[in-house]
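Consider the two complexes below, in which chain A is the common component and chain B and chain C are the respective partners.
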Partner chain A sequence: MILTLTEAERQIALGISVAVALGGLVLAAAGTQDTMEVHGWLILVFGAICAIVVIRDLWGPEPPRSRLESYYDEPIKAGIIASMAWAVVAMFVGVWVAALLAFPDLTFDGAWASFGRLRPVHTSGVIFGFGGNALIATSLHVVQRTSRARLPDQLSPWFVLVGYNLFCILAASGYLLGVTQSKEYAEAEWYADIWLVIVWVTYFVLYIRTLARRKEPHIYVANWYFMAFILVVAILHIINNLAVPVSLGHAKSYTIWSGVQDAMVQWWYGHNAVAFFLTAGFLGMLYYYLPIRAQRPIFSYRLSILSFWGITFFYMWAGSHHLHYTALPHWVQTLGMTFSVMLLVPSWASAGNALLTLNGAWHRVRDDATLRFMMVAAVFYGISTFEGSFLAIRPVNSLSHYTDWTVGHVHAGALGWVALITFGSFYTLVPSLWKRDTMYSPALVEWHFWLSLAGTLIYIFAMWNSGIIQGLMWRTYTEEGTLAYSFIDSLRAMYPYYIARTLGGLFFLIGAVIGAYNMWRTIRSAPSSAPVEGDVPLSAATAVARG
Partner chain B sequence: MAELFHRKLERSAIGFVLAIVAAASVGGLVEIAPLFTIDETVEKAPDMRLYTPLELAGRNIYVREGCYACHSQMIRTLQDEVERYGPYSLAVESKYDHPMLWGSKRTGPDLARIGGKYSDFWHVAHLTNPRDVVPDSNMPAYSWLARTALRVDDLPLHLKALRAAGVPYTDAMIENASVDAYDQATPDSSTSSGVADRYGKETQVRVFDDVATEVTEMDALVAYLQVLGRLTDAPYKNTAAPQKPPEPVK
Partner chain C sequence: MDISHDALVAFSKSWGLFYLIGLMIGVLIYTFRPSNRKKFDRAKQSVLDQDDKPWT
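After this line comes the complex of A and B, so read on.
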């Protein structure tokens, strides 16, 4: 992997690794009485490992010039592996926290194992670890193919990928240590947040530089989504995480936002993390891998334009629907509700566009579990965006808010849409990147598909039931006009559903483990002898054609 | 025509980037910026108190343990919520909260007005093992809090950071933060009147965890829980459904 870098790049990589290690040392020294010390050492070790990896091949041979005639796929492969590793870990933690709700003593009297600390490990692990690595990997794959251009250099994609995973490790380990801002989906503390900004800016520059090298006049629709994902996540992340650290030696910081303004900024961030991390980026995947796998062009160019700009514009208004009936001014709630309902139009335009693309390829959906992953993902995208608009309506929200219904809704999107489109894309990508004819076992892909689907359905049905029961019990009155149920009555009614959701999650986890195993065996198998036609940058392709 | 325009836009990466930023900025600008300028957004409450250093330390434990994942601190303007939890929450009540802890899920009940509802003894027993007092509870046990000494030496830095973020802590508050934290949980100490002088006579000064010899994380967390909903009387007065404010805790 280091040998694919030029010698100059290796030297810079070494410099960066050493700088990261020294930065860790400074934090460790400054934070000797704080959890910061642990993170300082962790950063130091991380930087040192990177430095050692670079040094081992520092004086190796320069990569051949012929590398420029092919796409640069090494970091993409690493991203897929990292993504699947995070998937298995984070989904395991997910099953664990689900079990904690039914069996609260599974904490082993350890502070790190309580629900409040493990839950962000699960959420950040799946969203940022699994989802983020998948987005980085696929976006770098898609931008090269649709631009018919190789990435501009070898170092920056590695910096983005490795640096991003350092962020994920800092975030997840921090939660276990009690380092958190308690801002949902933005729990990581200030130093990790600053590091992510550096990584993210590099990612954006890398993406734009690749687009600038494109041999196609038009930027393909998948890239619109990836660009929106990179840009808007940067804006959201920076604004939501503005904070005053207690000191350089303290992991703890205080956000500059307070009270009602903080609530609005937080949910403007939170809902658009869903929109631009969990929707836009994965729509980028959908717009490339689904037509490739179905061997059909996208149904409608116009629908693509409509849904892209609709999503980019409308979503940013919708965050306040998380704050219905709260101390947030009524007019902001009303705006949030209105735009959330309008959002259904571009959302269904996307889902419809994807499903109509499959016209003429339904026999492939029947026979090919990989394509079926993507088809079902599009269906769940349609279902969960409908549900989202529905739950954003104020009176509906009065019942659903604070209940498990919201959790079920999130998982309809996260499991049914995000995870399934990712698995479908990976099953398309892995054989092609590693130059294999097929996956190691198509039967295991089928197993993965059915386990995922069953797990998702069990999970969301359990949460629909528990959420609606909870919401109704809280607002039920007796004939005498007093509240009919105490809070603990409503909790008691939840236990069967909490066990059911744990089982649903377990099914999904087993599916992911099977998927990871199948990918691993595919990577370990013998490469196919036949080279893939035309999978090279345009300049190289023409050079080859000219002979 | 529109399609032709878009075909042009697709040819320019920078143009596309600018268009995305423009389209994505409008919603936030319209919904967030006015919250800082429109006066009615946060009500006036002259009697609003600040968190004492001990309560702040307790709040930081609440933040650290991620309690907000299961407990909201936001009573909505719905009849059943007002009857179950008390007057609906006002914006002013969290105006010094960095971050706010309104939450979005109630696996456990809302805590916006939990202060004074149960005794300190109940809270300590409940946090040590929730199932000792609520047999069907699924809350984790936080027994180690009572075994962990509270770090108070860096509290001045915490208050200073909060002042930078806009909370009106005075120089005297910052200077005495560590002593005040200790004193609030140690009423017999010679300096303990200072806390009430600086933070108001309503400040609850007592041994929260039943052990007077040491200030633990349990002291801090219970002190925080007992002040929730009691920093101002505004929600009991200036609302659609005025109620009698709760009695001070003895």
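After this line comes the complex of A and C, so read on.
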């Protein structure tokens, strides 16, 4: 991989690696009395490994000029592998925390394995580790193909990918150590946050530079979604993480926002993380890989533009629905609720656009599990956005808030929509990037599909039941006007559902492990004898429309 | 300068509405402008054209 960099780029890469390692040393020295010291050493080791990898090929031959006549896919391949590795680890932790709720002894008396520390490892691991790597990889693939232009240089995509994974490692390891700023989906502390800003701005600049080199006059709509994702995540991340550290030698920091403003900023961030990280970016995937795999153009290009502007501008205002019945001014709650309900229009426009694209190709959906992943993802996108609008209505929220219903809703979106569209995109990408005819085993893709679907359904049905029972038990009064059930009563009622959800999660995890194994075997298999022409998916089901 | 809560609410409720409607009109014009039709049709077809090489 280093050999694809020019000699000048290798020298800069070495410089950056050494600088990162030295930065780690400074953190370790400054934070000797703090958990920050561990992170300092970790960054030092990470930087040193990067430096060694670069040095090994530092004086290797210069990449040929002919490289400019092809797309730069090396970092995309690495991103897919990183994404699947994070998926397996973080989904395993997810099954573990689910089991902890039913069997609390599974912490094995380790502070690091308590629910409060493992849970953010799961959430950040799947959202940022699995989802983020998938978004970086697919966005760099889509922007090159739709712009008909190669990435502008070889170094910055690697900086983005490797630097981003350093952030993910710092975040996950920090949670186990007890380092957290206690903001949901933004738990990582100030030094990791600053690092992510550097990485993310580089990502944004890289994307813009590639678009600026485009040979297609019009920017394809998938890129709009990826751009919105990159730009808005940068804004959200910076504003929500404005904080003052206790000292430069301490991991702990305090946010500059106070009281209800802090809550509003956090949920403006939190909901837009769902909107722009977990929705806009993955819609970018959908608008490119679904037409490619189905071999049909998107049903309505105009509709995709209308829903783009609808989604980007409505979502910005929806965050306050997380704070119904709080100190937040009533009109701000109502504003969030109204925009959440309005969001149903562009959301269903996107889901409908995807499903109508498949109209006429249903036989392919039947035969091709990869396309089926994408189809079911679009259906779950429709279901979870409807559910989201519904849950945001204040009286509904009074029943659902703080219950497992919310958890079920999140997983309908995260498992059913985000993960399935990612797997569908990966099964399209892996054979074409590694120049193989097909996946190693189409049968294993089927297994993955059905395990994922079964796991998701078990999970969300368990959480619907559990959430509504919880909500009802918490609001049932006796004739004397006292609460009919204690909290412990409601907890006991959850027991069977917690076991069911663990089982559903386990199914999903097994599916992901099978998927990772299948991709690994595909990568390790012999390249196809005939050179693959173009990016056409080559499964029997889609080969029909080639040429 | 001291901005009162009421002033901010009034500003949000009026200008917030106007700019969103303005944006909507702009988006509708862009989307349905007849001169853009050819561009959009080309964009939607061209992703299926897989020559897998950057154009030089």
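Following the convention adopted for this analysis, the second predicted complex is superposed on the first by the 532 of 547 C-alpha atoms of A that agree within 3 Å, B and C clash if a C-alpha of one lies under 4 Å from a C-alpha of the other, contacts with A are read in each partner's own complex, and residues count from 1 in each chain.
As a working rule, a residue touches a chain if its C-beta (ideal position, glycine included) is under 8 Å from a C-beta of that chain, and two chains touch if they have at least 3 such contacts.
All of these numbers come straight from a predicted model, not from anything done at the bench.
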| item | value |
| --- | --- |
| Contacts of A:401 with chain B and chain C, given as first, second, both or neither | first |
| Partner chain(s) touched by A:148 [first = chain B, second = chain C, both, neither] | second |
| Contacts of A:362 with chain B and chain C, given as first, second, both or neither | neither |
| Contacts of A:227 with chain B and chain C, given as first, second, both or neither | first |
| Which of chain B and chain C A:69 touches, first, second, both or neither | second |
| Chain B versus chain C as contact partner of A:320, first or second or both or neither | first |
| First, second, both or neither for A:218, with chain B first and chain C second | both |
| First, second, both or neither for A:309, with chain B first and chain C second | both |
| Broader residue contact with chain A after superposition on the shared chain, chain B or chain C | B |
| Common interface residues of chain A - those touching chain B in one complex and chain C in the other | 217-218, 301-302, 305, 309, 313, 329 |
| In the complex with chain C, residue positions of chain A that touch it | 68-71, 144-146, 148-150, 215-218, 220-222, 288, 291-292, 295-298, 301-302, 305-306, 309, 313, 329, 331, 533-536 |
| Residue ranges of chain A touching chain B (in the complex, touch as defined) | 33, 100-102, 104-105, 107, 109, 111, 114-117, 119-120, 175, 178-184, 187, 208, 211-212, 217-219, 224, 227-228, 231-232, 235, 239, 243-247, 250, 252-266, 268, 301-302, 305, 309, 312-320, 322-329, 332, 335-336, 339, 398, 401-403, 406-407, 474-475, 477, 482-483, 487-488, 491-492, 495, 498 |
| Parts of chain C lying in touch with chain A, wherever the complex brings them together | 5, 9, 13, 20, 23-24, 27-28, 30-32, 39-48, 50-56 |
| List of chain B residues in touch with chain A within their complex | 3, 6-7, 10-11, 13-14, 16-17, 20-21, 23-28, 30-32, 35-36, 38, 40-42, 60, 62-70, 72, 74, 76-78, 80-81, 83-84, 88-110, 130-131, 134, 136-144, 151, 154, 157-158, 161-162, 164-167 |
